[in-house]
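Presented below is the structure to which this report refers.
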């Protein structure tokens, strides 16, 4: 009786103990494939933009494989939270969809950095934002910036509106209501998209560049996945999302200069090269002032540029080597390709890589 | 259908049967036959409509209209043959059964969705790997399973004794200000939104270990805050249902109060209490928001509640869905597999609890 | 028990003292925890309550104008969910406790318990991937044919991710909770009451109406409060399913829907900084107050019917 009464819990406890003590098959046993074992060891914590997350996971995997004694954690808590955590010294580096503003940098107080060190801000993750839609049998539409702005501002409500038909003479547009899907959470994607609308169609889009959707109309969805799901499952829907997630949905070619440019990684990184760095910044601070109105027809202007942010001079020298080699890995052609493959980002150009590498070398 | 049937049939019902005991009774299989007939009629109507305009046969419409027809028909026939009291009874029976079937639709749809999507990655690798150094396909949720067990287990270890003892206090000992106060506070606690509990745990541990600290124990504390009131409320309800006669009988035999509680009151209510506790665990084991804030997540194994971030299954599901990489299917498959795992874990816990309840409960006559 | 009004002090055994002592201790722990949570909430909320749009970028004018629509959305969605879930839950509970064959009943009870454990994220995934697309045609039909009814006014949402869908998801989520407790309470109805009713010639429904339901009423109310609590505080499922644009509207089927407090926290918290965080925590405090008010109301109702509880 007693045995029976306590038998079952004992079995459960043993099973639980077994499950808990077992090790993950893909962990432990730091068996480096070749003799050139890296001597780096330690932990690095980063936090910030969720847009970078899949790229960060790919970079972390690549870097940890090459340096088995290093553990890097990236917490995609959001750009604002990432900047705050970095400011408070709770993380070693930050990922952010916007650079620190000049006055924020001037105010200083970065707790991980040495007393009067400035920071390095590296535009290492460039992601094209696609305008995606779900219409039966239509894969691509050519749209003027004003038409895109009109759709998302709610002034264009039908797919066969003249503003859409004018630029798409070869497409039979249905007489269907437009459901414009936007992000319900605050996001850098929204910030960059509205920044584009405000720059390219200032007459139609009057709400400026904001990270939180400013209008009450339209349909709201959480996160990139939410927008993609809503557009995919709805009818007559249109939304904006990371180009890598466009999948089978139709995408919009955007009017630049006098041609319509579909999104492509090359065109997206071209806009970064065509834009100047912000003035009045320290040497390692590569904040970019994106030029959304460039009329070079090789340029796809709706991109999100996400930064990696670290200290110019760390207070604790222990992590400097890891930060430098991690950032260098990300900036390398290999790192950028890994991100392109896993996250659909646009690899940075060689000229930008040179400038970034100089900045990384200045970290101490 | 109803309009064609009612006029001729209604007339006999105008003279209701006076004595229900001697009244007629519908034959045993009548309800089933009527259900079949209603569904057939509905299917016929929708079949004609479908054939008429060439659209697809409407299954949902058939079932809904069939069910409504049945409810009307059984009420009518029973009223005619058996009188109004039995008609009401039949009507309610149909309604209750209908409610059950209606509720089963979303639940079954959910279960089918989870199982079909979840099985795609429900393999050995899923249970033996973490996500460390995994991009794209492969990888598993061992780290999240361990995290869920550790954090929920810790939360249960803290909150079950506190919750159970509190409910015992409220039912058996409590009177006066303190009891009223605690009842009030438990009510307040039920109202703590889960995300606020997460914020609280996060802020609490940030005081001790500095900002940005996310640990398993913080997650466990957040879950405890959510779990205690559920345990108290449900146990209290169950203890109140224990008849006073049992207690008085025990006292009359000279049994001390605490022994009465342990040996008489608790065993009588044990089935209900275990259900309540299981519900409490089930509620917190699926909590996402507080764990995301308080415990964060990681790609690697972590057995230490007191150091480092800890993943849990719901957070794993959420992050896999929200931060899909390339290819997205791999991430979604992992998310569904983790959801299936979570449900299976709760299923196992539930089974154990039922066995425990059956084992300890006194043999009653029902 | 509470009926021991005569002042006969019983002999205090050590076991009694230890046991009642630990019971009191457990009760006090609740006090401590709650004081900590409330203190944290209040301290963090204070700066937000007086903040203006100059301090916090998230605000349009002041805090109350910000939280008003959210409170409306929260209560509206939860009420819709409860209106759908409560009758069905009672139906299921009755079916399991008094209608289904006993062996089948225990299996069914088990399944319902399990569903209480489905994590909210999964409900969210199911809502956005299965329910919303499946229910959208019904919404179109309702708007086209019943659009004159204010609740169903158009224009219909193209994705089906409306507040009604969110309420259905919430209803499915709270259903197992309410059902489990109701079932347990219905099963506790004294057999003698039931048999007495049946012996008097009552039909099954009459027996339930005169014996089971009155006995179970406090339990039903408790259960619905627990369910409502979950519906009010549910975060992830609503955040994922609802197309929340922050409007105040009773229309059920359009893209423009009010948001709920919990979902709004989940959506805005990751990117919040500075005093915006305090604003969000303050909305949490409001949610806390709303839920508490609902609870207090239910307690008050239950306390008026105390004669039915066994240990009064």
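Some notes on this structure:
The chains carry the letters A, B and C, assigned in the order they are written, with residues numbered from 1 in each.
What we mean here is this: a residue touches a chain if its C-beta (ideal position, glycine included) is under 8 Å from a C-beta of that chain, and two chains touch if they have at least 3 such contacts.
The structure presented is a predicted model; accordingly, all values stated were derived computationally and were not measured.
Using mean Cα coordinates as chain centres, the one most removed from subunit B is A. For the pairs A-B and B-C, the count of C-beta pairs in contact is higher at B-C.
For this pair, subunit A with subunit B, the centres built from the Cα atoms lie 38 Å apart. Work out the mean CA point of subunit B and of subunit C, and you get 13 Å between them.
Across the assembly, subunit B contributes 321 as residues in contact with two or more other chains.
Shared interface positions of subunit A, defined as residues touching 2 or more other chains, are 50, 222.
Of all residues in subunit C, those that touch two or more other chains are 129. Across the complex, subunit B is touched by residues 5, 8, 12, 16, 19-20, 22-27, 45, 47, 50, 53-54, 57-58, 60-61, 64-65, 71, 73, 75-76, 85, 88, 90-91, 222-225, 244-245, 247, 338, 341-344 of subunit A. Contact residues on subunit A toward subunit C in their complex (touch as defined above): 50, 77-81, 83-84, 177, 179, 181, 184-187, 211-213, 215-222, 226, 229-230, 233-237. Chain contact summary for the complex, subunit B toward subunit C: residues 20-21, 85-86, 88-89, 92-93, 95-100, 102-103, 106-107, 109-111, 113-114, 161-166, 168-175, 178-179, 181-197, 199-200, 203-204, 224-225, 228-230, 232-234, 237-244, 247-248, 256-259, 261-262, 271-272, 275-276, 278-279, 281-283, 285-289, 293, 313-314, 317-318, 321, 335-336, 339, 342-343, 346-347, 350, 354, 365-366. Subunit B contributes residues 125, 128-130, 132-136, 139-140, 142-143, 145-146, 149-150, 210-214, 296-301, 303, 309, 319, 321-326, 328, 352, 355, 359 to its touches with subunit A in the complex.
The touching residues of subunit C, when paired with subunit A in their complex, are 58, 128-129, 132-133, 136, 155, 157-161, 239-240, 242-247, 255-256, 259, 267-268, 270-273.
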